[in-house]
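You will see chain A twice below: alongside chain B first, and alongside chain C after that.
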Partner chain A sequence: MPKYKGWAGKILRVNLSDGSVKAEDTNDYLDYIGGMGIGYKVMWDEVPVGVKPFDEANKIIFAAGPVTGTGAPCTARTNITSLLPSNPQHLIGDGHMGGHFSPEMKYAGWDAIIIEGKAPRPVWLRIEDEKVTIEDARKLWGQGIFDTTADIAGIMGQETQVAAIGQAGENLVNLATIMSNGNHSAGALGGVMGSKNLKAIGIIGTGSVQYAADREDWIALNDHVMSIIGANNQHVVPSTPQPWAEYHDPASRWTAQEGLFWGAADKPVETGICEPENINKVGYRTQKAVKDHGMIAEDYTVRMGGCQSCPVRCHSSLEIPELENYGVSRYVMNTCMGYWSHYMAMRNMDEKSGFLAKTLGAQLADDYGLWCNYGQLGRDLNYAYDKGILKDVLPAAEYNSIPWDKFEAGDPEFLVDLYRRIAYKEGEISHLGDGAAWLAERWDFDEDYWNDEAHHLWSPMGYPLHHANESNGQVGSLINIIFNRDPMNHSHQNFLGSGLPTKLLKEIAAEIWGSEDAVDEPANYTPMNRAKAKFAKWSLVTCALHDSLTVCNWMFPMATSPLKKRNYRGDTSIEAKYFSLTTGIKMSEEELYKAGERILTLHRAMTVKQMGTVDMRNEHDIIVDWVFDMDPDKKPFTPGTIKMDRDDMEKAKTMLYEELGWDPETGAPTYDKLVELGMKDAALELGKLGLLPGNVQ
Partner chain B sequence: MSEEEKEEKKFLQKPTSRRDFLKKSVIGAAGTAVSMSVLGLFTDSAEARAFAVAEGIVISDPTRCTGCRRCETNCTAINDGKAHPYISRVKVGRNYNFGENGPSIAYWNQNGNFGDFTIVTETCRQCEAPRCANACPMGAISADSSIGARVVDKDKCVGCGRCSVACPYDIPTVDPEAKKSTKCTLCGGYPTCAAKCPTGSLKFVPWKDVELALVERENLIKNN
Partner chain C sequence: MGKEQKKSIIELMAEKVRSDSAQAKITNVDAFKEEPIKLPEEDLEDKLEVFKTEEEYADIKILRGTGIYLFSEDKMTLNYAKTMARIADKDIMALIASTVRDDSEIYPRATPAKTFYQHPYNIDKGIFDDVLEEMENKEEYKDIKGVRASNGALYLYSNKYLAEDHAAYLAEDIEVVQKEVP
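The block that comes next holds the complex of A and B.
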C-alpha cells in the first residue's frame, strides 16, 4: 500500500534483455516527487558515465507525479528521461508529452515505468493494471504511429492509451519523438525506444488515484484554480477589446471573441465572449487554430483539443480535405511548433500553401515520429541549401533525386519526400535528423551557422533558443543555458506574455522576487540585477517541479490571473496546495520549491558527472556569439534591441549560481548544497571523482 | 455445452460495445427483437418494470466536447471522493481515441481523436424501464424520490455486475475497489459533470426535450 495518497505506490521495471518485469516501491523516490525527479534519480543511480543513448545499458524512464490522474486542472503531463541522442556529449535530458498516457499509467497502478536492456526482437509492452506482458511487435515494426496505436487498441481494447514510436525512432534517428493520442509528442527520445526494440507501450488502468483531502476541500481547490486560470500559456487578457476586460493584447492566446467560430464543426460553435469565472467557457478561450495559422484556419476548425484534466484546450483539430491529395488524412491536430516547424522547412509560400505545409508536415512527422528540434531541422535544411552545402555533401544522384523544384515553388508536397528520407535514414540528406551539433560537424558548417541570429542557434550543444534573450534579456538567457536541450521552460514566458501592462507585471514581480527590477520593458533592457537572478531561479525551479508533480509548465505557475477583483494577482501556491491536498503531506510553497531545487541540482550534478568537469560556466553554460554581436549599430541595454553584453552575462551567471547555492565561479553544485538538499551520497560520489568545486573530497 | 447454453453464456459476458450488445441481445433474449430507434432501448421489454421518469438526463453535445475528461474526475470527486474515470458515470475516455466502435480498419474516417475528432460521450439515459434495475437480483436499483434518478443502494448492492451487462450503454460500472456498482445519480438534480464542463458540452436536459436532444446527438455523431 502506498504510504501517502496521490502516488500509485509502485514503479514498474521492465528488463527487455532478460524479459523480467518487476514492481518496485515508489516510497524510495518520494524526495524526488515523481516525473523528472524519478527519472534523474534512476539515471544518477543506475546509468554509468560513458554509456551512450542507444547502448543496451542506457535506460528510459516514463514517469508521472502524485498530482497526475487526480483530475486537478492541467495535470496530465508525462515526463520521459534518458540520454539525449542529439546532444553531442549524450548528456541527460527529458522529453515531455501531454495527452492521456500518464493518467492511465497511474490508474493502472504505476507511478513510473523504467525500461532497461534491449529486446532480442521488436516488442511492445502491454499493461492492464497489475498485469504486464512483453508482446511480439514484429508485425507492428515498420508502421507509423497512427496505425500502431490503432492496432494495439484493437488488441487491448478501445480505451487503451498508447505511447509509440514511428519509423524515425525504429531507425535510430536522433531527432525522433515518442507519441501519444496522435498529436502529443515527447521530443528527442524516440530513438532510445527504437534502440531497445520497443515499439510501444499500451496501458489500460481501471483503478483510481486517491487524494488525502475530503471531497469538499478538493472541489473547492479545483474551483479556485478554475477562477485563476487564463488561456493557453496563462495569458490573462483577451486579444481584442471586450466588455469585461480592462486590458487586451493582440499577442494574447485568449483569442475567443464574438464572430470567431470553430468553423468546421458539424453545427456552428462560436468562441464568443468568455468572461473570467465562467467555468463553462474556459475551453473556448483559446482558438488556437487562428493563432497558429491565421484567419484562414477558422473555416477548417472542427474543435480544440488537449490533455486529460485540462480545461484550456491548446491543440487545434482541423479538417482540411486538400490534405488527402498528399495521401494523408484530412483530419489533423497539433499546436505551436508541431505545426510551425514544417513551415520552417519550406520557403516561398503563400497563405494557403503555408497552411498546407504546416498541417501536412504535422501529419507526416507525427506518424513517422520525427522531431523538429524546436524548428531547427527546417532551418538547418534552408541553411545548407542556401550555402550550397547540400550540393557538396550529397552524392549527385541523390541531390538530383530530391524534388528541389517543389521546395523552390513552395509546394508542400516537398515534405512528403523530405520526411520519408529522414525517417528511413535514406541517403546523406537524412543526417538532418542527427541534430544540429552533429550535423554542423558532419557537413562542416561555417562559423556563421552558429553566429548569425538568422539560424536561431543558442548553444554549441546544438539546440536553438526557446524563449531566451527575447524574453526579459538575462532571465530568458539564463534559463536557456542550464538544460542539455532547448529548455522546455515556460515559467518566465507565461508571466511575461500574460498580456498585462508592464507596470502591473513589475508590481507583481516586486511581490515575488523582491524588486520591480526583475522585469524590463520588452526589448528595452537594464543590466543584470539580483531580482532577475531570483526570477530566473524561480523559473528553473518551478519548471523542474512541474515536470515532477507532474503539472503543465505551459500553464503554471499562475502568477497572474484574469481577475480585476484580485488586481490580476494569480496564486503561486497552487502547486503546493495540489501537493498537500493530494498527498496529505503538508508542504508550503517554499518547501516544495526546495524539492524542485533538489531535482534541478541533481540534473546539474549528473551533467557535471557526465562531462567530467566542474567548469560548467565555461564548458557547458555557453551562449553563441550572435546574442552579443547582433545589431552592430546598437549597444546592449538601449531601446529596440535584445542584444546582450558578455560581461553582464557572466555576472548574470554568477548571480544565478549564487541563488541556486552552486559554486559562483564554476556553476557546479557544492558539497554543502548537495548535503543541504539531502543528496550527501551524490556529494560523496562527485568528491571521489574530483568533481566538487574547489575539489573538496 | 449446447448451442443454446453457449449463446446464453455469451449473453452474460460483458458486451464490448453497444453494437455488440444489440447483436448479442437480439440473439440471446429469447428472440425478442430490439428496436434500433434512439429511444427504443428505454422500453425494450414487455416484462420490465417501468418507473416514473426522471426529471431529465445529462447529454453531451458532440460538437462542443473537446475530450478533456474533467467530467469523469469531477463525477468521482463528488460521488466517490477520488479520481476514478473507470467508474465515472460519464464515459469519455473509452471512446476518446477511436469512437464507440473502437479502432476500425479506416479509423481516420471514424469518430474519435484518431478520426474525425468527434468525441462520443456516453451518459446515463435514466431509462423508463431501466434494464440495470430490472436485471439486478438484489433489487438495489430504484428511482430516487427527489429527481427520479435510478440510483444504486450501496447497502443492497453485492457488486455482481449484472447491471453493467444489462445496460445497452455500458454505464453502470462495478467499482473494483469498493466492489459496488456505480451509476449516474444526477447529483440530486445539479449534475456536477455539466456544472463544471469547460465547454458547456454536457447539459442537464429536461425529460420533455430528451428525445429531440438524443436524435440531434445521434445525427451529429453519424454525420462525419
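The block that comes next holds the complex of A and C.
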C-alpha cells in the first residue's frame, strides 16, 4: 500500500539477464520524490564506478513523480536516467520525454521501472497493470520506432503506451533516443536500451492516481494555474500587438492572432485572439508550426498536440504530401529542436527546402531513434565537411558514395542517406553519431572546433550550449556547467523569454531573488552578483524538482503571468501546492526546494564519485574558450556582446557553490551539506573514497 | 413594457466607443458627426470633458494625434490604442519612428522590419522601403537606424535608447540564435 497518495507505491525491477521481475516499495525513495530523484538514487546505490553505459551492469530507470497522472496541467513527463554513452567519461545523466508514457505507468501501478542486466536475445517488456512479462522481440528488432509502436499496440491494444528504440538504439549509436508516441523523445539513452536487447516497453494501466486533497481544493488550484498559464515556455505576451495585451514580443510562442489558422484541419481552425481570461482557448495560443517553420507551415498545420494533461500543446501536427516523395509518411509531428536540428545538418536551403528538411529529418530521425545532441550532430557534419576533414577520414569509396551534390544543393533527400548511415553504423561517417567529444578525438579536430562560437560547443564533454551565456550571462552559463550533457533547463529561460519588458522582469526578480540585479538587459550584462547566483540556483533546483515531480519544465515555474491585474506576477508556489495536495504531505515552497537541492546534490556527488576528483571547478565545470574570447573588439559587460569574463565567471562559480552549500573552492558537496540534506551515507561513502572537499573522512 | 428611454448623446457616444473597442478599433471623433449621434463640432470638447470627469465613463480614454481618438480601456490596452491611433493618423514615418522608439526603450529590442508589413500595420513593403529612405533625410527621425541580422533580415532601432552593437546583437538573437538554440 502506498504510504501517501500520488505515488503508485511500487517500483518495478526487471532483470533481463535472469528474467526476474520484482515489485519494490517506493517508500524507500520518497525523500527523492520521483523521476530524476529515484533515478539518481538507484544509480548511486547500485551502479559501481567504472561501469560503462553499454555494460550489463549498467541500469536504466524510467521514473515519474507523484503529481504525474493526477491530471494537473503539464504533468506528464517521463524521466529516464542512466550512464551517458556520448559523455567521454560516461557520467550519469538523463533524457526525458513527454507524451503519455509515465501517466500510463502510474495507472498500471508503477512509479518507476528499473531495467538491469542484458537479455540473451531481443525482448520487449509487456506491462498490463500487475502483469509483467518479457516478450520475444526478434520480429520487432531491426524495425523503426513507428512500426514497433504500432505492432506493440496491435498486440496489446490501441490504448497501449509504448517507449521504443529504433535502429540507432539497437546498433548502440551513442546519440540515440527513446521515443514515445512517435514524437516525444528522450535523447541520449537509446543505446543503453539497445545494449540490453530491450526494444520497447508497452504499458496499459487501468488504475488511477489518487490525490489526498479535497476535490474543491484541487479544482481551485487547477483553476488558479489555468488563470495564470501562458503559451508554451510560459510566454505571457502575444507575438503581435493585440487589443488585450499591453505588451507584445515577436519572439513569443503566443503566436495566435486573427487570420492565423491551423490551415490543414478538416475545417481550418482560426487561432484568433486568445485573451488570457478565456481558458477554453489556451490550446490555440501556441501555433507552434509557424514558430518553428515560418508562415509556410500554416497551410500544412492539422492541429497542435502534446502530452497528456497539457492544455498548451507545443507539438505541431502537419500534413505534408511532398514528404511521400522521400518514402516517408505525409503526417509528421514534433517541436523545436525535433525539427530544427535537421535544418542545421543541411545548407543552401530556401524556405521550402528548409521546411522539407526539418520535417523529413524529423520523420527519419524519429523512426531511427537518432538523437541530434541538441543540434550538434548537424554542426559537426558541416564543420568536418568545410574543413575537408571528411575527405581525410573517410575512405575514398565511402566519401564518393555520399550524395554531396544533394548536400550542396540543399536537397533534403541528403538526410535520407545520411541518417541511414548513422543509424546503421555504416562506414566511418556514422561516427557522427558518437557525440562531439568522441568524434573530435577520433577525427582529430583542431582547437578551432571547440573555440569557434559558430559551433556552439559549451563543454569539453561534448555538449553544446542550451540557454547559456545568451540567457542572462552568468546565470545561463552556470546552469550549463553543472550537468553532464546539455542541461535541458528552462526555468531561467522561460522567465527571461516571457516577453515582458526588462524593467518588469527586474521588479519580479527582486521579489524572488532579492535584487533587481539578478536580471540584466539582454546582451547588456553586468558583472556577477549574489542575486544572479540565487537565480541560477533557483533554476537548477526547480528543474531538478520538475524532473522529479514530474512536471513540464517548459511551463513551470510560472514566475510570470499574462495578467495585468496581477501586475504580471505568476506564482512560484504552485509546484509545492500540487505536491501537498497530491500527497497529503504539507510542504512549503522552501521545503520542496530543499528536496530539489537534495536531488541536484546527489547528481553532483555521483559525478564526483565517477570522476574520482573533488575538483569540479577545474575538472568538470569547464567552459570552452570562445565564450571568453568571442567579439575580440569588445569587452565583456559592454552592450551588444554576450562575451564573458574569465575571472568573473570563476567568481560566479564560487557564488553558486556557496548558494548550494558546496565547497566554494572545488564545487564538490561537503560532508555537512550532504548530512544536512539527509544523505549521510553518501557523505560517508565519499569520505571513504577521499572524495570530500578537504578530504574529510 | 414602457418604451425604451431615448439615449442621450453622451450615452450613444460611449456605446459607440465601447463597441468599436470590443472590435479592436479605436473611435475617431469624426464618427460622432454621423447618424445617429450627429454631434455638432462645437460640442465635442464639452463631451470629451464629460468622459474625463464622470465616473460611469471612467473606462473611456482620449488620445490626441493628428486626429482625436477614443477607446475603452476595458476592451483595449493603452499601448494597443496608441498603436491604432498612430495607424489612423496615416503618418507612416511617425508610426514607424514611435513604434521603433517604444521597442528600443521599453523592452529593449530591435524591431523587425517585417512587423510593419503585418497586421495591424499592414504597410505595403514597397511603400515601407520608400518611407524608410525618406526618413533618413529628416532631422526628426535621425535616431531611427537599420541593422541587418546575418540572414539578411532588416531590423530598426532608435539610437537614443540602443547602441548600434546592442541592436545588432538583439536582431541576430531573435533572427538566428533563438532558432539554433530554441
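Just so it is clear, the second predicted complex is superposed on the first by the 697 of 697 C-alpha atoms of A that agree within 3 Å, B and C clash if a C-alpha of one lies under 4 Å from a C-alpha of the other, contacts with A are read in each partner's own complex, and residues count from 1 in each chain.
Keep in mind that, in the parts below, a residue touches a chain if its C-beta (ideal position, glycine included) is under 8 Å from a C-beta of that chain, and two chains touch if they have at least 3 such contacts.
Values in this document were obtained by computation on a predicted structure and should not be read as measured data.
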| item | value |
| --- | --- |
| Clash or fit (per the criteria above) of chain B with chain C on chain A | fit |
| Partner chain(s) touched by A:48 [first = chain B, second = chain C, both, neither] | neither |
| Partner chain in contact with A:265 - chain B first, chain C second, else both or neither | first |
| Chain C, chain A and chain B - angle at the middle CA centre, rounded to the nearest 10 degrees | 80 |
| First, second, both or neither for A:284, with chain B first and chain C second | first |
| Greater residue coverage of chain A in the superposed arrangement, chain B or chain C | B |
| First, second, both or neither for A:336, with chain B first and chain C second | second |
| Chain B versus chain C as contact partner of A:321, first or second or both or neither | neither |
| Which superposed partner A:247 touches (first chain B, second chain C, both, neither) | second |
| Chain B versus chain C as contact partner of A:388, first or second or both or neither | neither |
| Per-pair minimum CA distance [chain C against chain B, superposed on A] in Å | 21 |
| Chain B and chain C contact sites that coincide on chain A, given as residue numbers | none |
| Chain A partner contacts - residues on chain C that touch it in the complex | 21, 24, 75-80, 83, 106-109, 112, 115, 118-120, 162-170, 173-174, 177-182 |
| Residues of chain A defined as touching chain C within the complex | 240-247, 249-251, 257-259, 273, 292, 336-337, 340, 344, 375, 456, 465-467, 470, 501-503, 521-524, 564, 634, 638-642 |
| Contact footprint of chain B on chain A as seen in their complex | 69-71, 73, 100, 103, 107, 146, 149-151, 153-154, 157-161, 181-183, 205-211, 214-215, 218-219, 222, 226, 262, 265-267, 269, 279-284, 302-311, 313, 317, 319, 329, 331, 333 |
| Complex contacts: residues of chain B adjacent to chain A | 16-17, 62-70, 72-74, 76-78, 80-87, 93-99, 101-103, 107-109, 113-118, 176-177, 195-200, 220, 223 |
